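Chains here go by letter, A, B and C, matching the order in which they are written, and residues are numbered from 1 within each.
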Amino acid sequence: MDRTQSPAGFVSQEILERVHVGRDYVAAKLGFRGHWYPALLSEQISEGQVRPVQLLGERLILKRIDGRVFGIRDRCLHRGVQLSRKVECFTKDTITCWYHGFTYRFDNGLLCDIVGAPQSAVIGKKRIRTYPVQEAKGLVFVFVGDESDSLPPLHEDVPPGFLDADLAVHSHSRIVNANWRIGAENGFDSTHIFIHRKSGLIRDNDLALPLGLVPKGRGSFRTVEEAGGPKGVFDLFDPDHVTPVFTGTVGGTTVLEANAAAANALPHHISIWLPGVLCVHPWPDPALTQYEWYVPVDADHHIYLQALGKRVASDAEAKQFASEFQTRWRPVALEGFNDDDVWAREATEPFYANDTGWLREQLFEADGNIIEWRKLASRHRRAIQQPEHLL
Amino acid sequence: MDRTQSPAGFVSQEILERVHVGRDYVAAKLGFRGHWYPALLSEQISEGQVRPVQLLGERLILKRIDGRVFGIRDRCLHRGVQLSRKVECFTKDTITCWYHGFTYRFDNGLLCDIVGAPQSAVIGKKRIRTYPVQEAKGLVFVFVGDESDSLPPLHEDVPPGFLDADLAVHSHSRIVNANWRIGAENGFDSTHIFIHRKSGLIRDNDLALPLGLVPKGRGSFRTVEEAGGPKGVFDLFDPDHVTPVFTGTVGGTTVLEANAAAANALPHHISIWLPGVLCVHPWPDPALTQYEWYVPVDADHHIYLQALGKRVASDAEAKQFASEFQTRWRPVALEGFNDDDVWAREATEPFYANDTGWLREQLFEADGNIIEWRKLASRHRRAIQQPEHLL
Amino acid sequence: MDRTQSPAGFVSQEILERVHVGRDYVAAKLGFRGHWYPALLSEQISEGQVRPVQLLGERLILKRIDGRVFGIRDRCLHRGVQLSRKVECFTKDTITCWYHGFTYRFDNGLLCDIVGAPQSAVIGKKRIRTYPVQEAKGLVFVFVGDESDSLPPLHEDVPPGFLDADLAVHSHSRIVNANWRIGAENGFDSTHIFIHRKSGLIRDNDLALPLGLVPKGRGSFRTVEEAGGPKGVFDLFDPDHVTPVFTGTVGGTTVLEANAAAANALPHHISIWLPGVLCVHPWPDPALTQYEWYVPVDADHHIYLQALGKRVASDAEAKQFASEFQTRWRPVALEGFNDDDVWAREATEPFYANDTGWLREQLFEADGNIIEWRKLASRHRRAIQQPEHLL
């Protein structure tokens, strides 16, 4: 393959050789392979329902059967058509290709029948790819890796504490027109809060959100890299590590004033974890934690899956939180406030779309945590999605 | 030219080298050159009318002059603009370019005048490409080949019998968003009938259409390759050669039942012919034959030209057939029934669009006739449309 | 870089090597660098107003500050986003990036502040590109070149006389979907007037516009190449140099008659000047001159900026001309008449879009002035816009 040319969605070798920090991260335009990703909210796939999704460039089809969700590749072996274009499930645990009747089991991918050619020698001999699926906290996690991979535990691929029994979680999901890394860096970036200064959430929740948060040095973030646990980078937002800026000046003149005297100084820390999930704590309220996944769909789209977690001690508390999530946090925080981030990512995408942005960007001191994240991700990613994985 | 890169619409050498059966067919993304193709219905171009068409990636302009249709390239020699963008015919047998007045004769392509520069030395010295045209059975056939080619007789490029004097023919035409080979293989494919099982035509015409037709071996099709005649492959649909499947099972359970007891067991045979035309006999009625051309327009479009033929013994019979065609066969068969095929082709196109589908598909026993067609077409095609033909 | 592949908007070396006349002109798909281009009408940018424009593939942002227009690159140094996506000017002479608060001065491009990170070491150390701007005759001219270039005087980049004190000028501007060279050659082409034969302007203004103007030889145009002045090519439209054709024939039969007896034989000469501006004199009236710029926007768009000039001796004459421009010349000439040219350019673009048109076109005698223009432009262009200028 010509070094200067790359299949759509992949970074050329010529560019990668010029990346000196976080090269594997830059290479992972379609994401890190061998990890768990939330593809759907559990409530989006009810018993018997079939749902197509695209993850890391691969198309798959999910079905809930007797309560459990199964996933297989959404591409018939025979002629390559998408099974999901016209769903034909003659039995609950199979799907039949609408074109020539090739029928696959959801549990093991086996080509178990061909309606219309029942004596074919290929029946029982071929398999379609399957994808391990696991549900937790109301999310449907899919493992996108090789079938020969030993399956890592889910807790290694989510922020610490996310799976805790007393954490009630409610989520929201949409597609954003930007690469997943643009999403991740927008979320973890400590000076982008400038764009949120007029948000209703700040006012209504009496938040002391500064115009910028400037780290005092390399010690203001710390990495978590213990074997067997999640791998991530922490930003520490206490006065020892970070200078919050509430007054904006241009040419010596004050042009903006954020409310430093507001009641709630949030968050205390922000962290980002492989394979691409943010944790903001506490946020958007002293009793809540916000989690955000940036799940690669293809080269220029990601699923922006936002979750809010709250420690609850009783069913009544859980019920109360469920109600507040729907009436308050989803519209005001996950949509209202974070809509500015969605807009920012889509406006950033063009600069990075042809991959030269990684060479042309000019990061500054406050981006130290981003550099750390790129290095950590390059160091601990299990694998990188490559062109051959899409064939 | 870099081997891994190909002009749009052409298959790379790298892929072709990995194709072991029917390589020339796979290479013919824009069709086989040196053949006759039906571009229009005769009724679509009346006396004096000018019609632009695109065939095998080439744009041409047709005009009917004194009853006869002529074709020239739809591109002025001077600045390359399409003559058809603004038709200027100052005399009946010429067309003048709207931009600088270059005027061409339809019969021989000669640059015979330049309105506005009548003394130019190039007048009478240059020619635009002409395309031989022949009308038969209400279709306008165009020969797309080199001007130096000796012109093959039309009867070599249509199914046997199509030109018979007693065959009345009526046709219908539309553009489909898929490569012409996807069209051809959808039509000739003996198990795709699975998609037609709910068609109104089956019910209304009391057709015993099975869910699949499985050949009993290589003897269930036969090729026709006599010199001087059409070249094609026959599927034989009698009980000695093919097993019709009327009962569909999944995991041992019956899930579908086609009507094996219906009155009409159609068709008896299906055949496909160079340069890409199907013959289904009898169909959709014991007295009719269906012909279908998949005419390459560009890399991802073909003209789907459907014709029904009926042997008629009198003007009254011909008139009766003309009326039935309009009121019954066109809406119910050519549209209603075959609309499912159009949908299937457009759903199949993405897998083959970047040419890797030919390497990734997994054909099975029932596709033996498709393999035979690819081999026959590779063996008998006159030439392959290449990038230089579009310059 | 592979010789057969070029970044979008640039001509491959393989094609350029096959161009024998005017190679640098063919290479200048995105225009000639190091020249002045009119980007806007002065009236389109009022005091304090910010306007994004794209020139030669570069995006810039203009602002009028205390009467003067300044231009900087419309791309934040930090993350590459367009400043114009959400304009934030906290002081009149700066613009602040909406994303992270990077603030730039319009006069020198200095990164003078980062709102939210006021102590950053990069403040005062980095600069964004600036673009010299000069206003004349109601047009905002921008110099697109290297910052190290010594700035050429504006009068070298406009037709002779355009800056004369007694010339009143009114202008009109729009975007055309064609490369700038297609625009320039459409304007300078002496036989394209064929397309204007039915224009209302010809009739209403009693113009003796022929169907074609055929040069009598190489002496019918002359180049202007004095050092320190504008560089251009003149077409001479007097009877000694050019044969006007008023009668159109096809096959010996008269098919068209232009009005040779009309009162006004216009124009007397047409000339074209670097970096791509036409002068038609007199036109569309014996007392007027038409100027037309074809300003490269990107590979397949140009700004078509039309200006009419008239020598005026008093304010009253100037006022009268201003009124006539709005009520008569703009709608009838700049729009009505020249709309045909816009249409022609957009219809010509596809043939040249992949750059092979320059090899396939077949110019004839009457295109001698076009050849001369391509050679002159190649000889005197200051530089050629290259891929690296867009990084």
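In this section, a residue touches a chain if its C-beta (ideal position, glycine included) is under 8 Å from a C-beta of that chain, and two chains touch if they have at least 3 such contacts.
Quick caveat: nothing in here was measured; it's all calculated off a predicted structure.
Undergrad: Tell me whether chain A and chain B, two copies of the same sequence, contact each other through the same residue numbers or different ones, using over half shared as the line for same.
TA: different
Undergrad: How much rotation, in degrees rounded to the nearest 5, is required to superimpose chain B onto chain C on the basis of Cα coordinates?
TA: 120
Undergrad: I'd like to verify one number: the distance from the centre of chain A to the centre of chain B, where each centre is the average of its C-alpha atoms, in whole angstrom.
TA: The mean C-alpha positions of chain A and chain B differ by 47 Å.
Undergrad: In chain A, which residues are in touch with two or more of the other chains?
TA: In chain A, the residues touching two or more other chains are 2, 5.
Undergrad: Can you tell me which positions in chain C touch chain A when the two form their complex?
TA: Checking each residue of chain C against chain A gives 1-2, 5, 75, 77-82, 85-86, 90-91, 94, 96, 98-101, 103, 112-122, 126, 391.
Undergrad: Can you tell me which positions in chain A touch chain C when the two form their complex?
TA: Checking each residue of chain A against chain C gives 2, 4-5, 189, 191-195, 210-212, 214, 243, 245, 248-251, 253, 255-256, 344, 347-348, 351-352, 356-357, 360-366.
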